[in-house]
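All remarks here apply to the structure that follows.
By written order: A, B, C, D, E and F. Residues from 1 in each chain.
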């Protein structure tokens, strides 16, 4: 089943991001929420773009903007809470890393 | 001034250990307490033994034993709570990483 | 996408924290046992510092922690048999495969992840 | 070893956490301001994710957080002028040296650490 | 058929992470997803503390939960075993207050849990998990 | 001259980290170090929750603090602003209880803070910091 990984922590402080990336499979998606948005600039996430090119990466734009976090990566998709809800029902299951 | 670094978190989950090592200077000491004892086997701490040979490393043996954590390193000193208290007054100041 | 019926719903409880400094491990086990008592299909996963919950020769009472680790033996009573532990997490911590309960399946990361993906609901502690 | 007299006691408050998800940053600032109001010699340090507290163009109110970051401007009022930020932490996070208050001194790790060591009491948040 | 969602909240009321959980419930309501229940566990139980005093210019988490319950009928389940370990209880006095006391002192308390929360056990989590089409832990 | 120590506790009562803080205070007393005060801040304020219900076979953190205060005169200072944000208050009822109520109902509560804790502000932290020879944050 395809899994939605909800990342709510900074990968610079905790290993939530690293663990998420270790557990993700090709059809999965990663959703950066809350402090997870600090990972937009994290080397591990940027490396995942080349290592796991099939994975989709989303971030809640409200949360990123509040933190003055931006990304030059066109492969990261900025979304709203309505979109988060759609993702929850699009994917088979979800895990929250925080 | 010589500083006592009290580490209470596992370096496998948080960056407390890494931050402590970044901030430690030659005459400092590191004290592993509570979940900090999981660092007895952490590569960063083992690497510090060669990179920062002047630094002293202590651990609360009660906390390490409760967690079934051991070390083959003779450079790590097992201590009691009475010794912790002595360290607090031996060093000029302390910082707690957790 | 939802072809899940209630009868086949499987639940995974993922443990990522060490046992003594936070209530997470105990509260995860409490939840697992309740799911078991309601005869729900439940699996336990241990990854990262969560593997410290399963290693042998720990002595919780010496630091005045009630030994909830002993309660893991109740899993068998509720027929909870899917207990998975991440091999890479063990190796990274230089831990031997010496556990305080039987029936633990040590899986390489990829297989561990595959098993996790097969569950309908996942709680992480 | 203790040649410290009360009159010369200096206090460092070290910030290691990002501003919005926990109360740590606000409670550290509350403490700093009280020390300042009692005319104690106090310095602020920002390292790791703590540097996120100081970067410009944040918008706390958009996520319904009361903007305690604005309160940092009160530091000046209490003559708290020693505000240090770790350069390596900034670089690691790919952040520009764009801050929401003035008078921040960006120091390389070693000098940052030397300054920290010179304080008698250190609180970490 | 309407989609159904259950939420498990494990973060305390003074964290912005809890604001995100509340926002997700609002998004669900606006998108015609039925939230069949919010289950409060771990440090999330602190959301039910009746006497939480947040400055009036800060986000009022408790007021938000109260509105979600009263306006939109979102059931809020509190895990009482996790709550009791964190100082919350619905048995402050182990006796029945007499009618005399009730008439004289309306604020006589037997609980420090806000009444909008349904005191529950982990069995409720099993129920929600089995009933909801999707479950999210926040 | 006797060494003096102040402690700042920021961990909650259901964590073994708090047990370590208590052990350090005991070690201080046994080694003739004077603990001039313990200041409870951040999540440490939850240690003062009066109604915490820990199963009797688990570590009774509150009882330990009570003993340190009553037997060894260790002052326990609670940061009230941090406490109020976490549901603790010493003003449950904003009126004086009448003598009638007091005689009839001894458990009439005006506070959910255990009486062994001294309700304080951050000024007390400044005081302890300046007075103690060493300060440790646990």
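Heads up, the rule we're going with is that a residue touches a chain if its C-beta (ideal position, glycine included) is under 8 Å from a C-beta of that chain, and two chains touch if they have at least 3 such contacts.
Remember, it's a predicted structure, so these values are computed and weren't measured experimentally.
With contact taken as defined at the outset, chain A and chain B are each touched by C, D. Between the contact lists of chain A and chain E, the overlap consists of C, D. Comparing mean CA positions across the assembly, the chain most remote from chain D is C. Distance from the centre of chain F peaks at A, each centre being the average of the chain's Cα atoms. Rounded to a whole number, the gap between the C-alpha centres of chain B and chain C is 29 angstrom.
Inter-chain spacing, taken between the CA centroids of chain B and chain D, is 25 Å.
Separating the centre of chain D from that of chain E, both taken as means of CA atoms, is a distance of 35 Å.
Across the assembly, chain B contributes residues 8, 12-13, 15, 34, 63, 89, 94-96 that each touch 2 or more other chains.
Those residues of chain D in touch with two or more other chains are numbered 2, 4, 16, 20-21, 23, 48, 63, 65, 121-122, 124.
Across the assembly, chain E contributes residues 14, 16-17, 85, 133, 135, 137 that each touch 2 or more other chains. Interfaces, counted as pairs of touching chains, are A-B, A-C, A-D, A-E, B-C, B-D, B-F, C-E, C-F, D-E, D-F, E-F. Interface of chain B with chain D (complex): residues 1-3, 15, 19, 22-25, 89-97.
Residues 6, 8, 33-34, 63, 81-82, 84-86, 88-89, 94-96, 98 of chain A touch chain E in their complex.
Contact residues on chain C toward chain E in their complex (touch as defined above): 2, 4, 6, 9, 11, 23-24, 27, 30-31, 34-35, 38, 40, 121-125. Contact residues on chain E toward chain C in their complex (touch as defined above): 8, 41-42, 81-82, 85, 121-123, 125-126, 129-131, 133, 135, 137.
Interface residues of chain D facing chain A in the complex, by the touch rule stated above, are 16-18, 20-21, 48-49, 52, 55-60, 62-63, 65, 92-95.
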